[in-house]
Structures are given as C-alpha cells and as structure tokens.
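In the two assemblies presented below, subunit A is common to both, partnered first by subunit B and then by subunit C.
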Partner chain A sequence: MAAITCEKLTKRYGSVTAVDRLDLAIGHGEFMVLLGPSGCGKTTTLNMIAGLEEITDGTLRFDATDVTWQPPHKREVAMVFQSYALYPNKTVRENIAFPLQLRRTPRAEVERAVADVSEQLEIAHLLDRHPSQLSGGQRQRVALGRAIVRKPSVFLMDEPLSNLDAALRLSMRSLIKHLHQRLQATFVYVTHDQAEAMTLADRIAVMRGGLIQQLDTPDGIYSRPANTFVASFLGSPPINLVEGEIAADGRFARGALRLDLPPGAVAPGRAVTLGLRPEDVAAPAPGLASLEARVTLVSPLGSETLLEVVAPGDVALTLRVPKEWRVRHGDSMTFGIDPARLHLFDRQTEARL
Partner chain B sequence: MLARLNRKFGYDERSAAILVFPVVAVLLVVAAYPILYSFWVSLHDIVLTRPLRRPFVGGDNYLRIFGDERFWLAVSRTTVYTVVTVVVTTVLAVLVALLLNETFPGQRILSAVLLVPWATPSVVNGLMWKWIYDPTYGLLNALLLKVGLIERYRAWLGDPDLTLMLIANAAVWKQMPLAALLLIVTMKAIPDDLYRAAKVDGANVLQRFVHVTLPALRPGLMLVLVYETMISIRHFDLFLIMTQGGPGDASFTLSWLIYVETFRSLRFGTGAAMSYVLAMATFLLSWAVIRWLGKRI
Partner chain C sequence: MAGRPLAPRIGRAVLLAFFSALFVLYVAGPVAWLVSSSLQTEAQITAIPPNWLPPEVNFGNFDAILNAAERQVTYETRRQGDPATGGFLPSGAANLIPSLWNSLTVGLWVAALNLLLSVTAAYAIAVIDFRGRRATLYTVLATRVVPDIALIVPLFLVIRNLGLINTLGALVVTYLAITVPFTIFILISYFEGIPRDLYRAARIDGCGHWGALRHVYLPLSLPALVASLTFAFLTSWNEFVFALVLTQNVAAQTLPIVISGFVMDFTTSFSFVNAAGVIAIIPPVLMAVLFQRYIVSGLTAGAVKG
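Take a look at the complex of A and B:
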C-alpha cells in the first residue's frame, strides 16, 4: 500500500497550463476519483502520478519517498487505459504475464499468478485468444488482469469503462469495486461520469481547468457542493439553478417568485444563485416553504416521475416526485420545500454561501 | 443473349466491366502479350545473327542455362548483391524511421530531405556515384585522403572485392528513403497507449521496441522486404552505368548476363529463358517472405 501526496503539482504544455498547482493527499488503500469534464486535466494528473508525463513543477510523494523524477517502472504502479492498450500480437496469457516476465519472475510463479488472476476475473477460458478475438468487456478484464497480476500498491485507471456499453459498464463498475475491497490497494480513478464517481469513490476530487474545485466524500460533494460548477456537474437530472437576490425579508426573490430560506442565512440585498435538487421537493406540509408551479411536462420513469414546471417569475424547474403522485400536464400545484435543503451560491464568485 | 448476361451479371457488374475495359485492354497489349511472346521465344532457338532459322527446341534453352557456368556465377553474384542491399536497406530504414518518428527541431525538414535520393532518377544516381568513386577526381578519394584513411587515390570500382558492395551502397542510397517512409507510416499508426502501458509494465526502450514497435511493424516490413527483394534481384541500371559486369566478372549479375546474352550475343531464345528463370525466382522469394511474415500477423 502507498499513500500518494501531490504538492503544488503543475504541468504546462508551452503556454497551456493543464494542471495548476494541484494539492491532493490520497490515503493508503483509498479509492480516489478524479472527476471533471473533458480537458480539465484528469489524464495529465494521472500520467504525472504514473510517471508517464514529466512534472513541470511541484512534488509527488509515495509515502515518504519523493518520486517526482522516478521513471514509471520504479514506481510500482499499474495502469488501465480507456483504449485497453493490450499488446495485439500477444495472447491473453502473454499479455497478463508480460509485466512479470519483465521482472524475471520464475516461470512456475508466472503461470500460477496468471491462472489465479484469470480465475478471479473469469477470463480463464480466453487465455489462448488474441485481443482482436475478444469483446470490449473481455478486453478490459484482461487489461485489469495485466494490472493486478504483479500486485502493485497503486492502481491508476483512466476512464476504463468509457468504451463499454451501459449494461457492461454497470457490471464492470461493481467488479472494480470488489477488486478494490479485495486488493486493499490505493486506487486513483479518472472519469467524466458522475454516476461512476459517486458509486466507486471513497473521495472525489472535482476538477475544472486544471484546478480542484472540491475534494470530499461523494455525499459531501452531492449535498454540500462548493460552487455552482460542482453542483451542476453532479446529479441527474442536474440541479436547478435560479439567479436572484435576497429580499429585505430574508427570502429568496426572483421576479414574482419568493422562497423561504433558513433564517439569517444571507444578508438581504445580495445577488445569489439558488440551487434546488430535483428530488428535494415534497407534498406541502407545515414547516416547509411552499412553491406554486404549473406543470408543463410529465415524464414517468417507472420508479418515479420527472416534472417540468414553471414557477412564478417564469422560472423553469425540473422536479422529481414519487410515482404515486397523479400529475397531469397543465396542472397547477403546490410543492413543499425544506429550506435547509436549498443551496445558495454567490452570483459573482459562484462559491457556496 | 444480352438478357442472359443481364441475369447472370447484375447492372453494377456490367458497368464495372465497361469502365475497366480500357485499362484491361492496355494491360493485355503492353503486359500480357510481351509476357506470352517472350515465353514463346524462350522455347525457340532464336539467334539474331541467323534470323530466318528459329527452330522450336522446347525446354532445351532452360537446360542449356542450367549447364552454363556463367549462369551459376551470376546467381551467386546476384545473391550477394541482393542480400546485402535488402538487409542494409531494411535495417537503415527501420533506424531512420525510428529517428524521424520522434519530434525534434528540424524533423520536418529532415523528412523532406530524406526523399531527395528517392526522387533522383536511377541513371542520375548511377552517374553520381560513379563520379564519387572516380579514381582521379572522385569525392570519396578526396574525403578519405583528407581524414587520413588512405594514403593515395584508389580506383574503387576497379577493386573486384569492393565493386559489388559499392554498387549496393549506391542502390541503398536510392532505395532506403521509400522504405523508411513506408515504415514511418506504419509506426505512426501504433497507438501511444501501447507505449505507455509497456512503460508502466516495466519495459525499457529496447523491450518496448521488441514487444510493441516490431510486431506492429511487421506488415510494413513485409512490404519493404518483398519490394526491395524484387527491385534488387532484377537490378540493372547501376550495373550498366557503373561497371558493365566488371572488373573481370566481379559484378556479373543475372540481369547483366541476360543483357549480354540477349543484346550482345543476340541469343534471344536463351536470353528469354533466363528472364523467365529470374522472374520465377523473384516470384518464389516474394511468396516465401509473405508466407513467413504474413502468417504471424
């Protein structure tokens, strides 16, 4: 096992700063997910940890050892790529055995390890095939096998499931989670898929433009987003963001819309953005703020129903309600909202208030 | 009749046939006819000094070739020349491709310059190297004397031990660029992730070359080997321009023998038969290379 410490880690390509003074401490055996949109610097960060990309500035440590200038093979990390990156001319067996052969592991031991790994990943029947004869899911299993066979202390995964179809992605997700529990190794996992991040991570680092926006547990990221970017990046359907200000009576105001806030939350007159998660609505009840809205679209999902509504002030919102609610297009209805579940962000800085 | 044709071959096939007809016709006239005619010639005893008597002799011309010691000498010269040219060209092409596949300042210019020898006409290339090797005003002599490797000018092409190698050198100079270009194209298609995976797996530069580059290069290498073998085994221009088979018989290759037999001795029958032997040998060698490298892709 190894803890990974990034201190002011920076990567510049000419004038482009891909990763900007990134501070990140990943614990022993932790499952860390780097989450963010395409181009935010996730892969670059991972490659710097792997040693595949030279570090422009800053320090990288594995436990107490400074590995900033160490070549990849000295770092004892394993990596899984979105493209699988299997050696096309080698069989599955040879692919998995390759890292061990490079380390001059005795033959019998290699054979035992390959058998063991292929058993775990249920690819024992594929050992004599070439990668071109495998499906996407099977290829990624082989890539995982090649990664775990030499029992490294750090696993790096760069969008390993992005090339798979939705159903396969789900089963591979749980396979990876099981692997993490069994191997007790440190995982750094890159993805742009928020659902993947939420289900897998011990902690998530949400990135944008080479900077970490928020570092927290999945629950913390979801229920206390640090800014509007993080708030809107997680959750499906995404959070409703409404720009407005704080009225003199302490309520949120946008045109004719008024919403109760927790008492004394923010000083009156401030320009804010209000965040409301689609599922944070209930039937009207005492103690809840009430919101009048007209339903413009009803989309049943089976387990629940998505509503598109228009609130006073022409504010369009997406809401998620229990499937038992009998709602029809054109209905006007009242929703109850718990003020404590509302998110407030500064409109200028976009930071949480 | 047309209706039956229509039923047998669909509309697309017929338009395709009409469209390729001109090309097929031209090929029939300029390729198929000479090939068949030269085969017919190889079965007759045709000597231009007595043009009216050209008896049919069947396989006699072929038998006569195999009993001719000049033929076996030419086979051995051709083998040496071909092996040296193909091996050196291929190895150099791999090295040049590896170099030019990296990004460094001047890489684009170097890639463009690389193609100059390839674009040089064969005859010009031959004359150029003949001058370079020239015993009295050649560049090679001047250079070697200046750096002190020789003490006085030498007649390079007059040295029977060196002639074949010096011609091979001129051939490599011209043929290597295209081979390197072919290999660069193959190399560019290797996904970067494979190299990254190999690095993480612990492979050093040499191991990455052996386990990633070389296997991916196989189709390109096959093409280069087949093409270079075909070019070298039949090569003629440089021998005509630089040595005419000499000194003595030092550069007496098959193509030169065929030329001498046909156009100097005017024995068209045996000349054509030799051409057929050479063509068959080329074909068999290419087939062997394709089998050898092709089956392991």
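Take a look at the complex of A and C:
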C-alpha cells in the first residue's frame, strides 16, 4: 500500500497550464476518482503520478519517498488504459506475464501468478489467443490482469471503461470495485462519467481548468456541491439552476416565481443562482414550500417519470417524480419542495452560499 | 458484373492486358536482354537481326569471369581472340570477383550500421519528448537536400586527409551518410503510427527506453526494418559516383566500378559485360525474393498511417 501526496503539482505545456498547483492527498488503500470534462487536467494529473509526464513544478510523494523525478518503471505503479494497450504481438499469457518477466521473476512463479490472475478474471480459456482475437470486454480484463499480476501498491486507471458498451461497463464497474476491496491497494481512477465516479469512489476530486473544484465523498459532492459547476456536472438529469435574487421577505425571487428558503440563509437583495435537483420534489405537504407549474412534457422511465414543467416567470424545470403520479401533458400541478434541499450559489463567484 | 453488356467487358480486359504487357516489356525487357545476351557469344549478340533468345546456351562468359585470374591479358592475347567472337577479356576482368566481395562487405556493413543508427535516432525523435526534437529532425533531413555530386570534392578531401582513400571503411561511412537520414525519416513515421499507449504501458510495466524499443517498437515495425535493411543494402550495392572517386584499385573497388571499367577504349565485349551484369543483380534479386512480403508493407508504411 502507498499513500500518494501531490504538493503544488503543476504541468505546463509552453504557455498553457494543464494542471495548476494541485494539492491532493490520497490515503492508503483509498479509491480516488478524478472527475471532470475533457481538458480539465485529470489525465495529465494521472500521468504525472505514473511518471509518464514530466512534472513542471511541485512535489510528488509515495508515502514518504519523493518520486517527482523517478522514471515510471521505478515507481511500482500499474496502469490500465482506455485503449487497453495490449501488446498485439504477444499472446494473452505473454501480455500478463510481461511485467513479471521484466522483474526477472522465476518462471514457475510467473506461471502460477498468470494462472491465478486469469482464474480470477475468468480469462483462463483465452491465454493462448492474441489480443486481436478478443472482444473489447475480454481485452479490458486482460489489461486488468496485466495490472494486478504484479501486486502493485498503486493502481492508475485512465477511463478504462469508456470504450465498452453500456451493459459491459456495468459489470466491469463492479469487477473493479470487487478488485479494490480484495487488493486493498490505492486506486486513482480518471473518468468523465459521473455514474462511475459516484459508484466507485471513496472520494471524488472534481476538476476543471487544471484546478480541483471540490474534493469530497460522493455523497458530499452530490448533496453539498461547492459551486454551480460541480452541481451541474453530477446528477442525471442535471440539476436545475435558476438565476434570481433574494427578495426582502427572505424568499427566492425570479419574475413571478417565489420560493421559500431556510430562514436566514442569505441576506436580502443578493444575486444568487438557485439549484434544485430533479428528484427533490414531493407532493405538497405542510412544512414544504409549494410550487405551481404547468407540465409540458412527460417521459416515463419505468421506475419513475421525468417531467418538463414551466413554473411562474417562465422558468423551465426538469423534475423526477414517482411513476404512481398520474400526470398528463398540459396539467397544472402543485409540487412540494423542502427548503433544506435547495442549493444556493452566489451568482458572481458561483460558489455555494 | 452479371448485368453488364459483354462487349465493354471484353474491351476492358483487352485494354488491361495490352497495357500490362507494355509495362512488363518496359520494365523487364532490359533485364531479359541482359540475361539472354550473357549466354551468347559476342558474334551472336551483335548479329542483325538480334537473337532475342540464345541460339545455344553458352556459359563461356561466366567461365571467363570465374577464371579471369588465371588468364593472362596482354596486347597479344587480346588480339588472338577474334573481337567478333568474344574471346576478348578486358584487363580488369580478374578484379571482378574480388570487387564482388568488396560490394558484399560494404553492403552488409551499411545495412547493419544503418539500421542500428537509424533505429535509435528514430526512437529518440519519435518517442522521447526533448527540447529541439523537431529541429533535430529537420537538420537530419536537410543533409539530404544537398545533391550528392556537390559533396564529392569536400568529401574526397576529408576522406583523403583521414588517410581512408581506397578503404572499404570510407565507402561504408559515406553510404551511411546517404541512407541514415532517409531511414530515420521512414522509421519515425512508422514509430509514430504505433499507438502511444503501448509505449506508456511498457514504461509502466517496467521497461526503460531500451526495453520499450526492444519489446514494443522493434517487434511492431518489422516491415519497416526489413525495408530499411534492403534499401540500405541496395543503395550501397548500386552506388557509383562516390565509389569511383574514393577507391583506386582492387583493394576497395566495388562491382559497379569494375564493371564500368570493362568498357574499354580499344574494344568492348558486350557479352562479357552483360555476364558481369547478371552476377551483379543476383544478390539484390535474392534479397527481394526473400523479403518481398515485408517490403511492400514497409514501403507504403510511411505514406499512410494506421
């Protein structure tokens, strides 16, 4: 096991700063997900941890050891790539055995390790094939096998599931989670898929423009987003963001729309953005703020129903309601909203209030 | 195709066959004549109309080449042989076999060293991210912009001052200067076509740069490597101008120089020259046959990635 410490980690390409003074401490055996849109610096960060990108500035430590200038093959990390990166000229067996052979592991031990790993990943019957003869899911299993066969203390994964179809992605996701539980190693996982991040992570670092926007547990990120970017990046369908201000009576106001807020939340007159998760609506009840809206679109999902509604002030919202609600296009309805579940952000700084 | 009218199909086939035949004649004709005339006597090849095929197969020219060392060539023996029947031997004939070995030696050294130098240079430029890698590549390529002929005099002076005139080493060094930049260029585009993730995986799995070169780049660029080997050998084998300037006698002269010496001021035995020509094309042909399945994909490798 190893803890990874990034101190003011910086990567510049010419005048472009890809990662900007990143501070991140990843604990022993932690599953850390770096989440963000493309170009946010998450893969660059991963590559710096791997040693594949030179670090422009800052310090990288594995436990107490400074590895900033260590080449990748001295760092004892394993990595899984989006493209699988299997050696096309080697068989599955040779691919998995390769890292061990480079470490001059005795032959008998290599054979035992390859057999063991291929058993775990259910690829024992594929050992003599070449990568070109495998399906995408099988290739990714082989790539995982090549990574775990060395029993490294740090696993790095660069969007490993992005090239797989949806069903396969789900099963590989749980496979990776099982692996993490069994191996007790430190995982750093890069993805732009919020569902992967939520399901896998112990903690998520949401990145944008080379900076960490928020570092927290999945629940913390989802229920207390640090700013509007984080709020809108997680959640499907995405959070409703409505720009408005705080009225004199302490309520949120946008045109004809008025919504109760928790008492004393924000001083009146401030320009804010209101965040409402689609699922945070209920039937009207005492203690809940009420919202009148007209339904413009009904999309049943089976387990629940998505509604597009227009609230007073021409505010368009997406809401998720139980399938038992009988809603039809054109209905006018009243929804109940728990003020404690509303998110408020400063309109200028976009930061949570 | 079933529905198309018959006439255009036949016309197309005829046209294709006609131009294919024309092309084959154009490319293979001279070679065929070379081989055919090497098996004839001087009188037979100078006959009009020409004998396209040997009236009788005659290995006299080859016999003369292989035994040239034992035959004395003087003004008298030249005259004894009737020029019209080809008993004539050029004075340099005895040098032919030694020059064949010179050509082989130089060619193999050039092929091997060219690959060694180019592979390492191409790897560095294609894979390692260092300051000035573009500039390095352009500098290497810029050396090929200067026509060879313009370099002859300076090169001669350098080689002479190094005391290397009339050595095989001088030829090897000179030919490498021709082949290495081009080979680097070919290999770079091939290496850049190999997915970067494979390099990254190899580095993570425990390879240094030598390991990545050995385990990833070399095995995956076999066609380009074979094409480079062939290219370097053939360039060395066929080169004339530098060899003419840098070598003076049998110690270092290569096949093209010795064969060109057979064209004499008194008289020239065409059948003999052509027999020597046949010997000169045997090694390249063998090489082409041996490596043909690699060469095609190697030569197109630089052109289209992926």
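Please note the rule applied: the second predicted complex is superposed on the first by the 353 of 353 C-alpha atoms of A that agree within 3 Å, B and C clash if a C-alpha of one lies under 4 Å from a C-alpha of the other, contacts with A are read in each partner's own complex, and residues count from 1 in each chain.
Keep in mind that, in the parts below, a residue touches a chain if its C-beta (ideal position, glycine included) is under 8 Å from a C-beta of that chain, and two chains touch if they have at least 3 such contacts.
Since we're looking at a predicted model, the values are computed, not measured.
With subunit A as the common reference, subunit B cannot sit beside subunit C without a clash. Within the superposed three-chain model, A:S171 lies out of touch with both subunit B and subunit C [touch as defined at top].
In the superposition on chain A, no contact is made by A:T349 with either subunit B or subunit C.
Within the superposed three-chain model, A:S332 lies out of touch with both subunit B and subunit C [touch as defined at top].
Of the two partner chains placed by the overlay, neither subunit B nor subunit C lies in contact with A:Q181.
In the superposition on chain A, the residues of subunit A contacting both subunit B and subunit C are 47, 50-52, 71-73, 77-79, 81, 83, 85-89, 98-99, 102-103, 146, 156.
The touching residues of subunit A, when paired with subunit B in their complex, are 47, 50-52, 71-73, 77-79, 81, 83, 85-90, 98-99, 102-103, 146, 156. Across the complex, subunit C meets subunit A through its residues 129, 195, 197-198, 200-208, 211, 215-216, 219-220. Subunit B contributes residues 191, 193-194, 196-204, 207, 211-212, 215-216, 218, 296-297 to its touches with subunit A in the complex. By the touch criterion given at the top, residues 47, 50-52, 54, 71-73, 77-79, 81-89, 98-99, 102-103, 146, 156 of subunit A touch subunit C in their complex.
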